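Note that the chains are named A, B and C in the order they appear, and that numbering of residues resets to 1 at the start of each chain.
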Amino acid sequence: MDNLITQLINLFAAVILMLAFAMLSQRRILTLIHLFTLQGLTVVASTVAVAYVTHQHHLYYSAALTLALKCFLIPYLLHRLINRLNVRWDIETLINIPTIMLIGIVLVVFSFNLALPIAKLSASIARGTLGIAIACFLLSFMMMITRAKAVPQVIGFLSMENALFFAATSATYGMPMVVELGIALDVLVGVLILGVFMFQIREQFDSLDISHLEKLKED
Amino acid sequence: MIDWVLLVIAAWIGVGVLGIAALRQFKLVARILFPLGGLIGLALAFAALSALPRAPEIAILPIGLPQLPFHLRLDSLSAFFLLIIGAAGAGISVFAAGYFRQGAGTPPGLLCCEYHLFLASMAMVVLADDAYAFMVAWESMALASFFLVTANHKVPEIRDAGFLYLLIAHIGAIAILLCFGVLQANSGDYTFAGMREQSLSPFWASAAFLLALFGFGAKAGMLPLHVWLPEAHPAAPSPVSALMSGVMLKTAIYGLLRVCFDLLHLHLWWWGVTLLALGLATALFGVVFATVQTDMKRLLAYSSIENIGLLLAAIGLGLLFRSYGMNALAALALTACLFHVASHAFFKSLLFLGTGSVLHATSERNLGHLGGLLRYMPWVGWLMLVGVFASSGLPPFSGFVSEWLLLQSFLFTPGLPDPFLNMFIPIVAALIALVAALAGYAMVKFFGIIFLGQPREENLRHAHDAGPWEKAGMLWLAAWCIALGLLPNLMIQFIDPVTRMMVGEGLAKQAAASGWWLLAPTSIERASYGPVFFLLGIIAASTLAFLLVRLFYHGHVRRSAPWDCGHPWQTPRMQDTAEGFGQPIRQIFEPFLRLQRTLPSPADTKPFYKVVLNDHFWHWLYLPISRGIEYLARQVGRLQQGRISIYLLYSFITLLFMLFLVQR
Amino acid sequence: MNLSGLLSQFLAIMAALLLAPLLTGWVNQWRAWLQNRSGPGLLQPYRMLRKLFIKESVVAESASPLFRMAPYVAFGCMLLSCAIIPTLSTDLPLSPAADAIALVGLFAMARVFMALAAMDIGTAFGSLGARREMLIGFLAEPALLSVLFTASLISQSTALTEIVENLAHRDFVLYPSLAFAGIAFCLVSFAENARVPVDNPTTHLELTMIHEALILEYSGRHLALIEWAISLKLFAYSCIGLALFFPWGIAEAQAPVALILAIPAMLFKLAIGGFLLALIETLCAKMRIFRVPEFLATAFLMAVIGMLTHFLLGS
């Protein structure tokens, strides 16, 4: 049974990676939010699985916290945001998705190499997934770099946090509860502040295209 | 055995000398000397075949400088390459007997001399057992092929191509010479036997490896030293292109194998990775460029670059396995490499010869002016189709077997002690699959545009099929493509002693264990491929379908004009051009290419559309280097003043300086 | 080579030949239902084949023997591929003749023949179709190979029967890499079988055609063979998918009861697969042709990531 659940954790890791790639190559903002919610759900599921196998009860709490925050509250906020900003059906022009994905693959190989020595030290049952967690982190980072609009960037930021949380669960069975609470609060506040920022950006430039921020540069 | 081989080579040189004697007697040269050369090639192939499983034999020829004779050695590796040179050379010579026409340029006798010297020097390269003999043979090979490339030297482009070829060949030769210098490790013994004795430190071994890679890579057309290849191969007459592409490039592969697996005993893992990466880049580059070409011989030249890339990748994989002591897997990778050496030699020669026949029949190399030739040149067309299938790696032809073996050896990597490499190499396998699929695209374009559809020009309707000599030469090569594809185990039996010599393992035992009809390099459970059954299966299913349809229904066929979608008329110009067929690839791989486009304005009454595709390497690598050299030369050029007294002054200063040195 | 092996081989070939048009009919029927049409009935493909076989073949004046050969070769290739894919049983005497790589080679062979035949007539649409088909092929082929590589890395074999035995009859293990491979495989099979996001099998507009443009010139018995070959290809792809991702129910050697049970199991799986195919086809819109390389490159990269995941989580 435990063996099966370990495999299940690996499967969840693969799904998280897959969703990270899907987010990297998704043009529609609405679908992006759905994908993000799905990724949050998978992270929750894998945390529950790790908690079940290792009997670490505090992981159940952090899973519940993540569920509330990443799967309900933040997606709800994002939905409200895109409705009020009226960018619900926005499509971003992404250049050359295969190239972005190719770079993504290089990142995966790189992070695997990075995680290898760490994973050897770790005693966690899910240590194999550490490389995937790092890869997801880097992929989300890259998503933030390649996007030109503000909302997808915020989603990239949030999915980066997902990856970090997943990394913490898989490598060391999660961070202390206090730290986790703190991070959760940080993310929430971050989203709120970024939301406010987005309104400001729109007020200023009549667009959410952050390339307009270049105009702020003094010549 | 080696005496026989030397006799055969001497006979080739003899034929060349006879060619000089009959300088302008076209009939004699074409009808007697070239077929004779072909016969000699056949004899060489037989001699090499019988030498393959035997122990190495050594001969010393007292030619050249005193105290410095030619050391020659016939071992399995050289015998295998002699087999390729002989067998492919035989077909090409027979073709050449019907190909060369009287006309401008080099007189036929001289051409015959150069051609046979080229063949003989290739054979000598493979036989040489010391650096001196090797370099003499290597240089005479380069020179003979240079003169053959510039056979039509009145054309300025051909002169330029020849110059570029000679230049890069010589830069490569310097690197090879330096490599031998490193390999002899200050012992002063330049025989290969002496080099085998040396045990180099990792640093010097790596230096030797890199020099060999550079030197032989320049000859093989490895990235970024490939620029001469698409210029020189199309410029040469077709049998010479066939010889250069099919056979000469393989001597560079031979040199690399000889240095890496015979002369060097140390193998570092990063050598393999370097070769793998370079090979993959070369293959991808070659195939992308091949798909966008509009000149049929250039297309084939780029396809040769692609195949060289695959060979290099296979050698790299072999080196990688060897460096971790996994000799059985190294043998698998090297078997794939050697099999591909053979199969590429035959199918690429066949394709180049076919373009020669097309060129003769239509005097057109541009794909945009060809089309529909299958109806007017059925022999050439159907024989070329065999080459096209082999080249696109379709079962059950020869190209597929090598591709299959190569992919198999890639899939065996999970066993390498380094997890990073373990992960890396299947990606390479996926990219090799991409290269193979793209090669199929290029070949469909090549064949479809030349031979299928409607003739794009009126004069193509008068194209005539190839003559008997040309047919015979192509038939011989096509037969090899099919035979290698259907009976791979037989070839593996021949390759076995070669890999046994290089890495101490071979595949013959397993191959023999599973029967002649089934190719199973490790075990049937692991992987197997039975080309004969495969072919029989397709034939049986197709014939059954054919017979059943005939039996139950009918065989009526009505001929009618093709469907024109309601257009009032249809012209051959409406077919895809070569540019059009390559357009999707051009669009997808645009960063690979350097595009210069002139688009007509919409108001233009005589619109003219022009695309020039160039290589980034010209722009980024070669032009800066040539500019640098030009600058240096200009600086040196200041010494030239044109006044005798100043030149005397230079001599005087030099003399003083020398005297000063001597005095110290 | 024993009697039961021969029997299961014969059974596999006959099942492919007879059931392939039914699968096509099933998919078309469901598509019609999902689009609120009444549909032509399950047996329509058989009726069509019969009619086409009886009809006279019209061949273009400029056609060479290659053109008339191509349908037979394509049909032969597809039939052979159905014979080596373990549809009902893994006990197939023909399967050592071709492993997963040779299977992809077989599909490539059929594709190249069809493309050459389309170029043979020398019409604008024929060469357009050939170009588009090769464009799809050059990306789909390595993607399919990578999917199969993932499976063969898991079972340490490229023989299809061995892969299926390993996946179906050993301990149950969840393979995350197969999740990636599965998605890649779905994308590839849509493209290879000329299904909706990539190509519309029922289109009558020449400019948007991919696969239909290739066979525009065929009629009568040649067209019948090609249509049958297309059905066989869909059947072969479905069976590869089922064998790799849902291998349960495929019989082993020397198991006559399992062999009998394998037929309803396969029918059941194919019925569900066909329904899903129709559902996806109804929900998706056809892509522009310029988006297709991107779509297939995604499939290829997904398959490569699948291979990577095998090593990421395997070690």
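Everything that follows uses one rule, which is that contacts are C-beta pairs under 8 Å (C-beta built on N, C-alpha and C of every residue); 3 or more make two chains touch, one makes a residue touch a chain.
Nothing here was measured: the structure is a model prediction, and the numbers come from that model.
A.B. asks: When the contacting C-beta pairs are counted for A-C and for B-C, which pair yields the higher total?
C.D. replies: Spelling it out, more C-beta pairs touch across B-C than across the other pair.
A.B. asks: Using C-alpha centroids, which chain lies at the maximum separation from subunit B?
C.D. replies: The chain lying farthest from subunit B is A.
A.B. asks: Please report how many Å separate the Cα centroid of subunit A from that of subunit B, as a whole number.
C.D. replies: About 50 Å, centre to centre.
A.B. asks: Between subunit B and subunit C, what distance separates the C-alpha centroids? Give it in angstrom.
C.D. replies: So the centre of subunit B lies 36 Å away from the centre of subunit C.
A.B. asks: Any chance you could list the residues of subunit A touching two or more other chains?
C.D. replies: 105, 109, 112
A.B. asks: At least two other chains touched by the same residue of subunit B: list those residues.
C.D. replies: Residues 419, 423, 427 of subunit B touch two or more partner chains.
A.B. asks: Please output the residue numbers of subunit C that touch at least 2 other chains, ranges allowed.
C.D. replies: In subunit C, the residues touching two or more other chains are 293, 304, 308, 311-312, 315.
A.B. asks: Flag every residue of subunit A that touches subunit C in the complex, lowest number first.
C.D. replies: 4, 7-8, 10-11, 13-15, 17-18, 21, 25, 97-98, 101-102, 104-105, 108-109, 112, 128-129, 131-132
A.B. asks: Show which residues of subunit B lie in contact with subunit C when the two form their complex.
C.D. replies: Checking each residue of subunit B against subunit C gives 371-372, 374-375, 385, 389, 392-395, 400, 403-404, 407-408, 411, 414, 419, 422-423, 426-427, 429-431, 433-434, 436-438, 440-441, 443-445, 447-449, 452-454, 518, 520, 524-530, 533-534, 537-543, 545-546, 549, 552-553, 556-565, 570, 572, 574-576, 580-581, 583-585, 587-588.
A.B. asks: Please name which positions on subunit C make contact with subunit B in the complex.
C.D. replies: 53-54, 56-62, 64, 66, 68, 72-73, 75-77, 79-80, 83, 94, 96-99, 101-102, 105-106, 108-109, 112, 115-116, 119-128, 130-132, 134-135, 137-139, 141-142, 145-146, 149, 152-153, 156-159, 162, 206, 216-217, 221, 225, 290, 293, 300, 303-304, 307-308, 311-312, 315
A.B. asks: Quick one: which bits of subunit A touch subunit B in the complex? Just the residue numbers, please.
C.D. replies: 105, 109, 112-113, 116
A.B. asks: Could you pull out which subunit B residues touch subunit A in their complex?
C.D. replies: 419-420, 423-424, 427
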